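Look for chain A in each of the two complexes below; its partner is chain B in the first and chain C in the second.
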Partner chain A sequence: MYIYRSTINTLVLILLPALGGMWTLQTGMLNISQEGSMLVAAFFAVLGSYIFSSFWMGLLFAIIASLVFNLIYAFFCVNLRANIWVIGMALNILASSLTILLLKSIFGVKGSFTSDKIQQIPFVHLGNLGIFNGIFNDFSSIVWLTLIIVILFKYIDSHTTFGFHLKAAGKNWRALDTAGVSSLKVRYMSILINAVLVGISGAYLSIGYLKIFNKDMSAGRGWIAVAAVIFGNGNFTWTIIATVAFGFMDALGISLQTYGLNSNLTLMFPYLAIVAALIYQGVKSSKKKAIEEKQ
Partner chain B sequence: MSEIIRFNGVSKKFGKVVAVNSVDLSIENGEIHSIIGENGAGKTTLMRLLYGMYKPNSGKIFVRGKEVNFSSPKDAIDNEIGMVHQNFMLIDDFTVYENVVLGSEPHHLIYFDREKAKRKVEKLAKAYNIEIDVNDFIDSLSVGFQQKVEILKLLYRNAEILIFDEPTAVLTYQESKALFDTIRKFKAAGKTVIFISHKLKEVKEISDRVSVMRNGKLLDTLKNENLSEVELSKMIAGREIKNLTTVSLKKGETILEIDNLTAMGDKGIPAVKGLSLNVSRGEVLGIAGVVGNGQSELEEAIAGMRKITSGQIKFKGIDITKMSVRKRRELGMGYIPEDRIRTGLAPLASILENIIMGHQNEKEFSARLDFMRRRRAKRFANRLVNEYKIVCKSIDEQVGTLSGGNMQKVVIAREFAHDVDLLVVSQPTRGVDVGGIEFIHKGILAMKKSGKAVLLISSDLDEILQLSDRIIVMYEGQIVHSTSAKNADVQKIGLAMLGMRS
Partner chain C sequence: MSEKYRRFLIVVISFLLALVVGGLLMLFYKVSPIDGYKIMILGALGNKYMIYSTFARMVPIILTGLAVAISFHAGIWNIGAQGQLYLAAFVVAAMGVSFHGVPTAMYLLLGVAVGIAVGGLWAWLPGYLRVKYNVNEVVLTIMLNSIAIYFTTYMTNGPFRTSQGSLGATNVIDKGMWFRHINPLSNLNTGVFVAIVAVALIVYLMLFAKRGYEWKMMRLNPRFSIYGGVSFKRNMILAMVISGMLAGLAGTLLVMGDYHRFLNGISPGYSWTGMILAMMVNYDPIGVIITSFMYAVMISGGLKMELILGIPQELVQIIFVLAVMFVTAGYSLSNKLSNRMQEEG
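Now for the complex of A and B:
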């Protein structure tokens, strides 16, 4: 039960950026600045929630921060067609140092900040459900929000014109442009949607189950999401499967520490799973690519 | 007749290059209006201005008497203008109906009504006698059918002004005829057609009026009735282009012998199936066929770029089946590959390096310890640049920065200039303008005259007919038709290209 609950808690963190990243990937843009966006959002969630003593303001701050961060990415990578890896890495490094700087200059602390003035995102108590208490009760409202978002994404992804345009933009943007739909707009939409989701995820990280901001507290979750996106390759089902698998390994690694396993070992779990999954996929797609390139 | 489109002093620059230079043009409602000119004359750019893909730097465009200022193709589509692009704007792993409705999908709010889309496209295809399964994926269709999908796209959007950009470049003889019938049907239905081409015959056949473009300028618009092909060709090139005639020579010794060759395609399916042929000195053997019927694989097998499953290749009597590319070239094989940029050139290397490439080990250019004899190499490269009129700043410029036509010239210069016994040349004039085509064709015939053997692979049937002594047609990896050029029958060859044996 403990592993189940901690898996759900970690899963939300990864699922939101994985879904957003899946759509940007469909339009042909792999967004690797998720880790940085998440971290910046987490910081601003604490800031907003601290200043106004309201989790709503925390959420709003987080989403705005993430939007700004993603717009920088969009401007460089979509408008100026810069290399996504260079810009993405720059943004990730910027996020890490920027939050430390702001932590010092706003709160005057090093490494970590917490306060009673910070309001937490509420949990949802469904009343007494008997044996289902452990399964459904007392999860953060973000968990339920994420569930709704997943269902919404599934519908939009396969049944709407917007989902259709996303894929068209990635496969042949010229065809989409000449059909009268601006591929630029479609790409921006996907990046902005992703920004909102990553913003929520960041807020959940800092004011969701705790009320604290630690430096580099995203701890690789953004990267795990990126790995899930790469593995899913724009496909909804595979992205979800990869996210659940990686999220489970992350939670498992943390849980096993309580059973006395060396933490240095268990922290490797999600990454081992990712490496294995990506090698499998890499071998598969390199074979396919070799065929396509020759044609 | 009333005027439907007018260009008034329209210009378009890309950087310093003036692609379209103050063009005045009037298109009448319901006519078939051809725009003819060499590659790079500005035809496509002019049409893209009309279709909203580019904005003019100066001048005005009027549609139905109203000045328009299109900022995207959407505005053009809203004005009932549609365009079939030279490189199809289709998404390969989408289905036919998905491609047709893209951008104007039947929908309820955000819901994409796929069933309704299928029905609408099916109905439309029926109305215009286009036999196509709307659930097929684009990459499973032949080029001819892909073009039909492009046409369906226009019809779906109720286009009244249809622009066709070099539509026959990729079609077989029969497919072109069918396309012309379709275009005539559009005219009968009151639609206006703008037809872009550099082929005189087609323009003569289809148009009501013809406009000629050269170097971005529109020279004149003429009624088709009063036009002669010779006059037109003079106008297009700005000088007289002589139709080449080939004289068959006495056959020399056999240079290339291929016996029962089988080779796999990239998908692991046999692409060349038990093919045998031979080429002799003083002979051009033309291989015709629709792209993707094993010609590329055959070409690669001969050049040593592709492993073969069975069979034998003999070159000058020597079995070269297992020889490396380098050895084959050292024996005297020249190779102008289909994909110039990827196979024929190293885009990041200089013109000098590309011209020497493959011959760097010859005594002429190679000193002791494999140092390059730079002065000789430079002299050689400079000579070729002048001789082949390659437009560049210097021979140290990267090849990848040249225009497509000039890149082609670098490959051609390299292969023509070195002394070879056999030249394997594939699609030599694809994307080359009329003047360039003439030059390349002359070069091929000169090779033949000097007693070399030429294997010419081309999807341009006119080219094959013009240059070859013998012609074979490849279909699905096999030779389905074989004839001497003298007795060649365009009808029969066209049918063979489509896989119908006569």
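Now for the complex of A and C:
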């Protein structure tokens, strides 16, 4: 039960940026600045919640910060067609430095900030559910929000024109432009949607189950989301499967720590699995090719 | 205007622009930008020891920068320098804590050789898979980064955990394996000579050797290079392995020279900084040397600025990132402009 609950908790963190990143990947842009956006959002969530003593303001600040951050990314990578790796990594470094700088300048602390004035995002208590208490009760409201977002994503991804536009922007943007839909706009939409999701995830990180901002507190979660996106390769189901696998391993590792085992070992497995899958895929397809060439 | 000259101009202007923005930011801390930059330069290059420290800071950046430059130069993307650095650093440290009594000269040689070999092997794997089975090397190297980092963190918290206090590190390695610090006040150590040799070799390879020319052709015009008889596959794997070896050397020198042990955070993003540097100067090795020197000066000076003026040292990192972004924007704009001019002309 403990593993189940902590899986859900970490899953939310990865799932939101993974879904957002899946759509930007569909439009042909791998967004590698997720880690940075998440960190910036987490900081501004604490800032907003601290100034106004309201989690709503925390969420709002986080989303706005993430939007600004992603708009910079969009401007450089979509409008200027700059290299996504340079800009993405530059933004990740920027996020880490900027949040530490702001911690020092605004709060006068070096590594972490917490205060009673920060309001947490509320938990949802559904009353007494008997044996289902452990399964459904007392999760953060963000968990339920994420569930709704996942369902919405599934629907939009495969049943609406917007979902098709996303894929068209990635596969053949000229055709999309010719059909009268601006591929530029579709790309921007996907980046902005991703920004909102990452913003929520960042807020959840800092004011979701704790009320604290630590420097570099995203601790690779953004990268895990990027890994899931790469593995899913734009496909909804595979992205979800990869995310769940990562979330489970993360939670399993943390709970194994109580038995003296080290979480870093279990965290290696999803990556090993992906490498194995990639090699298998590659070997299979190149064998197929070899057979075709012989015939 | 020649392409190279134009690029150089863009880099210079972008850095100046970023420094102006940084100067404006300093006003928030009630510091005059002129004072701020004066302290920065003095803090990095003010006396012999500061220059030593700046050079020590430059070593891992320049090695990882060249590592990325050499692989991208040949058209294969090694995003895995971070993992290669970590794994090599760890293996060298593990060797250093496990074996004692090897003669110093031999141990130094052995340490460097093992570090380079581990880095090279960890890069060979994705290179081989890319060439042989067409597996995407970008994805593979990202995954291999995480595997290497989690593995080394596991080892330093588990089997190779230090018995000397602080957590997240191995024990101090055997003294026979130390590159001695040149001066107790700075991290600069005799390992820097190994780095200089490596840099010189890479510059020669990339700019003057036939192999370097073949790599450039592979990236710029694959068909021409195949027609010219370049063995694509072998060259790609070779570039990848050399790239990994450099990253491995960076990690090795950090262990044998700077810290004399392996730490979990041994490379706080050195390889990422190296990567954006290399991309910024379009994989030109001389450009990597110049920009990594500028970066080291800024970072060393930033520490001094925090101590004396109370400006957070992160500010210089932000200035640097802004410079990188301006350079990228400058390239894009100048490409667009020249395309337009060609169309009109």
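Here, the second predicted complex is superposed on the first by the 261 of 295 C-alpha atoms of A that agree within 3 Å, B and C clash if a C-alpha of one lies under 4 Å from a C-alpha of the other, contacts with A are read in each partner's own complex, and residues count from 1 in each chain.
The criterion applied here is as follows: a contact is a pair of C-beta atoms (placed from the backbone, for glycine too) under 8 Å apart; a residue touches a chain by one contact, two chains touch by 3 or more.
Keep in mind it's a predicted model, so treat the numbers as computed, not measured.
Looking at the shared chain after the overlay, A:Leu129 reaches neither chain B nor chain C. In the superposed pair of complexes, A:Ile93 makes contact with chain C only, with no contact to chain B.
Of the two partner chains placed around the shared chain by superposition, chain B is the only one that A:His159 touches, whereas chain C remains out of contact. By the touch criterion defined above, A:Val181 lies against chain B but remains apart from chain C after alignment on the C-alpha atoms of chain A. In the superposed pair of complexes, A:Ala168 makes contact with chain B only, with no contact to chain C. Ranked by how many residues of chain A each touches, chain B and chain C are led by C.
By the touch criterion defined above, A:Gly282 reaches chain C but does not reach chain B. Residues of chain B touching chain A in their complex: 51, 53, 72-74, 77, 83, 85, 89-94, 98-99, 102-105, 107, 110-112, 153, 266-267. Residue ranges of chain A in contact with chain B, taken from their complex: 156, 159-165, 167-168, 171-172, 174-182, 291-292, 294-295.
Listing the residues of chain C that touch chain A in their complex gives 28-29, 79, 129, 132-136, 139-140, 142-144, 146-147, 150-151, 153-154, 157-158, 269, 272-273, 275-276, 279-280, 312, 314-315, 317-318, 321, 324-325, 328-329, 331-333. Residue ranges on chain A touching chain C, taken from their complex, read 76, 80-83, 85-87, 89-94, 96-98, 100-101, 104-105, 220, 223, 226-227, 230, 262, 264-265, 267-268, 271-272, 274-275, 278-279, 281-283, 285-286.
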